[in-house]
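Below you'll find a set of structures to go through.
In what comes next, subunit A is part of two complexes: it sits with subunit B in the first one and with subunit C in the second one.
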Partner chain A sequence: MNGAAQGASVDWAALSPLLALAGGALVVLMVGLFPGRGVRDRVVPGLALLTLAVTAGLLVWQYDTSTDLLEGALRVDGLTVTLSFVFVVAGMATVVMTWRHLDPVESPGPELYTLLLSSIGGMVVLVAAQDLVTLFLGFELLSIPLYVLCAIQLRRRGSLESGLKYLVVGSVGSATLVYGFALIYGAAGTTGFAGIAEAISGDLSSDVLLLAGLALAIVGFAFKASVAPFHQWTPDVYEGAPTPITAFMATATKAAALGVLLRFLDVALLPAAEAWAPAVAVLAAVTIVVGNVGALGQSSLKRLLAWSGVAQAGYLLAGVVVGTSLGVQATVFYLAVYLLMNMAAFAVIAARERETNLGDSVDALAGLGTSRPWLAWPMTIAMLALAGFPLTAGFIGKFKLIEASVASGYTWVGLMIVIGSMISLAYYLKVIAAMWMREAPAGAAAVAATGPRPALAGASTEAQITAPTRHTRRGTGELTVMAVLFGAATLVVGIVPQPLLDFAAKAGEAFPGLF
Partner chain B sequence: MTIHLSLLLWLPLAFGLVALVVPQRLSGKVTLLGALLTLAYAVGALSRFDGGAGLQFVTDETWISDLGISYKLGVDGLNLFLVLLTALLWAACTLWADLRGEWRERRQLFFWLALAETAVLGALLAQDLAVFVLFFDLMLVPFFFLTGIWGGADRVAATVKLVIYTLVGSLLMLVAAVATGVLVSVQSGAPLTFELTALVDNGLAEGQQQWIFLCFAAAFLVKMPAFPLHGWMPDGYRAMPLPVLALFSAVLSKVAAYGFLKIVLPLFPDASVAFQELMLLVGLASILYGSVMAFTTTNIRLILGYSSVAQLGFIVMGVFALNEAGAQGAILQSVNHGLVVAPAFFAVALLSARSGGSEDLREMGGLAFRAPVLAALFLIVALATLAMPGSANFVGEFYILLGVFQSSEVFAFVAAAGVVLAAVYMLRAFIGSMHDRVGPRASSQEITVLDGVVLVPLVAVILALALYPQFALSRGEEAINASLVPTRVAQERVAQERELERLEEEGLAEGGGAPVPLPQGAPPQGGGAPPVPPQAPPPVPRGAPAPSPGGTP
Partner chain C sequence: MAIEWYLALSALIFVIGAGGVLTRRNPLVLLLCVELMLNAGNLALVAFNRMHGGGDGQIFALMVMVVAACEVVIGLGIIVALYRRHLPIDVDEMRELQG
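Here is the complex of A and B:
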C-alpha cells in the first residue's frame, strides 16, 4: 500500500514498452546529430524501426499482463496492449513511407523520427491512462509532436498551413477537454477513473456539473477523433500534411482517440451511460452522414480519405456507444482492420505522388490497372474493404460493429452504418473506376518522363518554385511492397478473421465490468 | 465417389487464378476448362442426388467461431437445378467469351468471370445466412469490373449505378441478417449462430419479422429486378458486354428468387403471410410493366431485359402464392428462364453482328433469308420464352398460375394476361429481326460451327427439359415442402385469428374478455414467441393443396 513511501515498486516489465519508445526517441535524436548523409538517410530510420520492433517485442512479452502501474495512473491490460500494437504497426509503416519521401532540404534532421516516436509514446500513455491527469498528459504528448510533424515540410505552404490549422484546432480541443476534466473533478472529487465511476454510481448521474464536464470532455475527444460536427479541420490538415504523416494521423491517432474514449466512457463514466450514450449515438449517426456526404465530391485522394475517415469514426463510435464487451471488441477489431486498409491506400497514394506530378489527385491513379497492377490491386482491395465488401477485412469489421449495435438494442445505429456504406460506395467506386476503367492521362506520363520532379503532397507547382534541389533517390519499391503487404493482409483477415478476432477479444477482456 | 461441394465451389476460382498468370491467349481456355470441370462435377452431384433425402453432400465447418458463422454448404431440391444452371451457363458463356470478341486484358476478364461463378455458386450452396449474404454481396464485385472495363458506352456510370442500386438492397440485407442471428440467439438463449436450420428451428418473434423481411425483400427485388426497383436495369443492360449480360440476366436474378424460397419464407413466415398481397402486387406490376415496356422498346437487349422483369414477376408471384404449386412453378421457371435468356442474348450477339453492329430492331430484319438454322434455333428460344405449350416454361407458368389461383383468384386472372403479352413481345422481336423488310445494313449469314457449339447445346437442354420437366419437378418437391412448412403454420394461425375475430364480432365468442387466440385445442397455436412444436418435424410433407405431380402439358 505505502509503496510510494518505500520508494516506488514499479512494475518495470509492464512499463517496458513505453520506456522503449521514450528511450528510442532520445537515441534517435542523439544519433541524428552525427554528420553525414548516411546517418540521416539510413541509420536514423533504421533506429526508429528498431525501436518500434523492440516495442512490439516487449508488447508480445507483456501480452497477457493486466496490471495497474504507477499508483493507478496507468493500466496495462488487453486494451492497452492491442491498441499499442496498432500504433506500433502504424509507426513502422510511417517510417517506411517517410524514408525516401521528404526532400532533405525541406525537412532536415532526425527530429521527424523522434517526434513520431514521442507521439506514439503519447498514444500508449493515452490509452493506458486511467486518471484524468495522465490522460491529459498522454493527450498532449500525442498532439504536440503531431502539430510539428504536419508542418515538417518547412518550405511548403500547404504543410505549414496544415500544421498551424491543426495546432489551433487541436489547442481548442485540448482546452475544452481540460475544462471538462476540471468540471468532472469538481463533481466527483477525484481524478481516478475508478473513483469517478464510484462517485457517479452514487447519486451523481444527473449532476449538472458532471454532465457539463462530460459534455465538454466528449467534445474534446471528438475534435481529436474528427467526429462531426468537430471534424472541419480534418480534410485541410490531411491534405496539407506530408502523406506519410497523414497516413499516421488517419490510423494511429484515430485508434488512440477511440481507445481513450472506450476507456473513459466505458469505465469511468459507465454508470452515467444513460446520459451520454444517446448523445454519442446521435453524434455517431451525424458523423457517418456528414463524413460520407463530404467525401462525395472530392477529387483529392487525401481529402477523400479524410472525409471517409470522419465517416469511419462514426462507425467506430457505434462500438463505443453500446457499452458492452462486444462493442469494445468490435471497435478494436475495426481499428486494426482500418489500419490495414488505410495503410495500403496511403502507400499507393505516396507512390503515385513520387511517380507523377499529379499529387494526390484521383487522376494520378488513372489507368493504374494496366500500368502498375501491383499498386492497383492493393488500392482496389483497400477501397473495397473500406466500403465493406465481403471477403475483405472491412466486411467482417462492419459485421462485428453491426452485431454489437443490434445486440444491445441500437439497431438504428447499425442501419446508419449500412446507410453510410451505401453513400460511401459512390466515392470508393470512383477511385476503383479511375484505376481500371480510365486511360492514363497523356500529360502525366509525359511529365513524369521529363525527369523526376519533387512530386509533393498536393501542391507540386508551389514546390517546383520553392524546392530547387532534386531528390534523386525516389524509387517506390518499398511502397509497393508495403501496399501489397497491407492489401494482402486485408484480404487474409477477411477470409480468416479468427486470429484478429481473438486479438480484439483480448481488448474486451480488459473491461470485466462490461457484460 | 463422394461429392465435395467445396471442390465444386472453388474450382472455378482456382482456374480463374491460373488464368491470371498464363499467356493472354490461353487464359480463356484455362477458365473454360475450370467451368467445364465444374459442370461435370455438378452433373455428378445430380446423378447422386436423392430426391427424398433432404440436404445432401453437406460440408459443415466452423469458420468464424466468434461470430457464429459456419462454412456450411449443401444441396437440396431447391438449389440443385440452379447450381446446374449456373455451371452450364458459365461453361457456355465462357466458351462464348473465349470464341468471340477481341477483349483487351483477357486474363482479367476471365479471372472476373471465374470469380463470379464461385460467388454465385457460393450464394446458392450456402446453408448459413452469413455465408449467403457474403457471397450474395460478393457476386457484385466481378460484375462491377466486367461491366466497367469491357462494357459499352457509358459503362462506368452504368456500372456504378448498378452497384449502388443493388448494394443498397444487399447492405440492408446485411443488417437484417445480423439482426436475425442476434435476435434469435437473444430470444432462444442459444449461442449466436447463423446456420439456417438452427435459425428456422428457433424462429424469430413475429413482431421483429416485418422490418427484416422488408430489408431482405428489397435486396432480392432489386437484384431481380422487379418493377419499382428496376431503375438500374436499362442502363446496366445497355452497357454490359453480352456474355456477361447473359449470365447476369440468366443467373443472378435467380439467386434472388432462390433467396426468397430458401431464406425469406422459412425464416420470416409471419411477415411473408402479412406481406403476401404486397408481394403479389409487386409481381403483377412487374409482369404488366415489363411486358408493356418490352413491346414498345426497339432495342433488342432491352426487349429481353424487360421480358426478364416480366418473367421474374411471375416467379415472385409463384413464390408468394405460398403454396406448393406456386413454389414449384417458381423454381422450375427460374431454371427455364435462365435457360432461355442466355441463348437469347447469344442470338442477339449473332443478330447484331449481321446487322452492322446495331442492336435496334428497326435496323434488323430479313436475317432469316440465308440462315434457316439460326432462325430455327432463335425461334425455339423465342417460343420457349413466351411459354408455348410444349415448353418447360409453359409448365412453369402453369404451375405458378395454378398456385396463385389457389391463393388469390383475382391476381391469377390478371397475371394470365402476362402470358399473352409475352407472346406479343417475343414474336414481335422474332419477326422484326428475322423476317420483315431487310434492314439497311443487314446481311443474312448462316450460323458458323463455332457459334453453333455455344448455341446448340443450350437449345438442346431447353428441348430436353421441355420433354421431361418432371425430372426437375420431382426432385424439388420435398425441399419445397420443407421450406413452406413455417408459412403454412403462420397462415393457419392468421386464419384462426381472423376466424376468432369474426366470431367475436358476431358475439358468438362468449368469454368475450380474452382476445388471446387459444381456440378449443386446435393444433397449431404458435402464439407470439418461438413457434416450436408445429414445425419441429419439417420434412414430413403435409398433404395440403398439393397439385398431383402429373404436370405434363
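Here is the complex of A and C:
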C-alpha cells in the first residue's frame, strides 16, 4: 500500500473511490471520441454508470475506514462515505435521466458525462476536505462543471441564461468564500481544520478577523446551499437548466454543501460555536419562511421544487446548528431521504416533458392519475414525503431534525420546521390535486406534433424500452421505472427507517468532538 | 509596513468588486468584478502569509489563481455562445427565466 518512493505516503485504498471517479471521467471522455452513434448513445452512458457502480463498490469496501489522507488534506470517514453514497446514487439517476433526454442535434456526447463525473469527484473532495485549500478546490471542482452542465443546451436560450446566472452568482459565492478563508487563515495562522480549532480554543473565539472570516465563509456556503437571503438564483437556474441536471443540482449539490458545512463548522469552528450557532439558526428560520412562501405562487414544477429546495435547506440547517452527533445523523438522514423524494419527482417531470408540450408546468400533470398511474403514484408519494406526511421517509427525516433541535435547546427552530411544513402543504397538495382531480387538457394527452422531435404519449412503455436506439425523445420507460423505484424507496424508508438511520449514524460517529 | 494597510487595500478591492457585480450589466464586466473579488482574497492571503511565515497562504493564492482562470474560461465560453445566437449581452435583458 504505502509504497510511494518519495514524498508523502498515500493510502491508495482509502483514496480509491476518488481515483475511480477521476479515471472514469477520463475514460468516458476518450471513449466518446470513437465514431458512431452506438458509442455515443449506449457505450458512453454505460461507462458512466459503470464508473459510478465501481465507485459505489469501492465505497462499500472502505465503509469502515476512518483515516487521514495526503498529509491531512482529506479525511475518509463516516461522513465522507455516507455522503459519497448519496452523490453516487444521484449521479446514477442523473445518467439514466440524461440518456435520451437531450436533442439529437445538440447531443453533447461524452462531455456531459465527464463533467458529471468530475462534479461528483469535486463533491467527494469537498466533504472529505480537512484543509481550507482542499475545501476550496473541491468547492470549485464541484461548481465549474455544473456551470457548463446548466448551459449545455447551447441552442436553448433558457439553458444559456441559466448557465450564466449560475456562473456569476456562484463565482461571487466562491470569491466571498476565499476572502473569508483568507481572514480565517490570518487569524489562525494555519489552513488545517485541526490547527484552526486549536487556535480558536485558545483565545481567538472573539477575534474580529476570525468572526469576519467566519461570517464571509458562511455567506459563501449559503450561496451554494441556496440558503436565504442568498437563494435568489435558485429558481431561475433550476428552471433553465436541463431537467436531469436540475435534479442533480437539487439533490447532490445540496448534500455536498450541507456536508461541508457540517465538517467545517463542527470540526474547525466548533470552539467558536457560540458565535456562529445563533447566526446560522436565524438563517435557517429565515430560509424556511422565504422558501415556503416563495413556492406558493409557482406554476412551473421546477421552480416549485427550487423554492421547496430552499425551504428544505432551512430544515437541514437546523441539524447543522445544534452541533451534536444527533444533529449530524439527522442531517445526513434527511439528505439521503431528500435524494429519494426529489429524484422520484424529477423523473416524473422529465417524463412529462417528453410526453407533452407543456414543459414543466403543473398543467402537464393534469389527469395523470387516470392516464398514467405509474407516474402519478410516485409523484404523489414524493410530494407527500416532501411535505413530511407520516408513513413516508420525509416524516421520519423531519422528526429526527426536530428531535435534534429540541434536544439541544433550539426548540424554536424545531417549531419553525413544523410551521414551514404546514405552509408547504398548500403547494405540494396543489400538485397532487392537479394529478388526481383535474381532467387532462385536450392538447396535452395527444402530444405535440410540432417541431422536429415528435413525442408519443400513452403508448406502451415496454415497446419503447425494446427500441431505445431510436434517436427521439419518445421513450419514458426508464423514467417510469426510476420514479417507481425512488417512490417505493421513499415509502419503505418511511415504514422501516432503521437501516438508513444506522447508515446516517455512521456520519455522526465521524465527529469525535461532538456528543 | 503594518499588515493593516494590506488588509485595508484588499478590503477596498473586495468592496469595489462586489459593488461592480451589483451595479454593472455587461457580463464581461461582471466577470472582471468577480476577478477583483478573488484577487482581493489573494492579496489578503499573501499578506497574511508574510505575517505568519510558512507557505500555506501563498500556495492557497496560487490555487485561487488557477480556479479563477477556469471560471473566466467558462464565463467567456457562455458569453460567446450567447453572442453567436445574437442574444443581447446584457444581464438586465436576461428575463427568459422569472416568475
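General remarks:
Quick note on the criterion: the second predicted complex is superposed on the first by the 481 of 515 C-alpha atoms of A that agree within 3 Å, B and C clash if a C-alpha of one lies under 4 Å from a C-alpha of the other, contacts with A are read in each partner's own complex, and residues count from 1 in each chain.
Just so we're on the same page, a contact is a pair of C-beta atoms (placed from the backbone, for glycine too) under 8 Å apart; a residue touches a chain by one contact, two chains touch by 3 or more.
Every value quoted in this text rests on a predicted model; they were computed, and no experiment measured them.
In this overlay on subunit A, subunit B fits alongside subunit C without clashing. In the superposition on chain A, A:S201 makes contact with neither subunit B nor subunit C.
Of the two partner chains placed around the shared chain by superposition, subunit B is the only one that A:T370 touches, whereas subunit C remains out of contact.
Look at A:A407: by the touch rule set out above, it reaches subunit B but stays clear of subunit C.
Legend: residue contacts after superposition of the two complexes on their common chain; A:L501 is shown touching subunit B, with no touch to subunit C. In the superposition on chain A, A:L415 contacts subunit B only, with no contact to subunit C. Contacts of A:G186 after superposition: subunit C is touched, whereas subunit B is not reached. In the superposed model, A:L425 makes contact with subunit B only, not with subunit C. Of the two partner chains, subunit C is the only one touched by A:A175; subunit B is not. By the touch criterion defined above, A:F136 lies against subunit C but remains apart from subunit B after alignment on the C-alpha atoms of chain A.
No C-alpha atom of subunit B lies closer than 23 Å to any C-alpha atom of subunit C in the overlay.
Here subunit C touches subunit A in the complex through residues 3, 7, 10, 14, 17-18, 21, 27, 30-31, 34, 37-38, 40-42, 44-45, 47-48, 51-52, 56-57, 59-60, 63-64, 67, 70-71, 74-75, 77-79, 81-82, 85, 87, 91, 94, 96-99, going by the rule given at the top.
Considering their complex, residues 132-133, 136-137, 140, 144, 147-148, 151, 154-155, 157-158, 160-165, 167-168, 171-172, 174-176, 178-179, 181-183, 185-186, 189-191, 235-237, 239-240, 298-300, 303 of subunit A touch subunit C.
Of all residues in subunit B, those touching subunit A in their complex are 64-67, 105, 108, 130, 133-135, 137-138, 140-141, 144-145, 148-149, 155-156, 159-160, 163-164, 167-168, 171-172, 174-175, 178-179, 181-183, 186, 192. By the touch rule above, subunit A contacts subunit B in their complex via residues 329, 369-370, 384, 388-391, 395-396, 398-400, 402-403, 406-407, 411, 414-415, 417-419, 421-422, 425-426, 429-430, 432-433, 436-438, 497-498, 501-502, 505.
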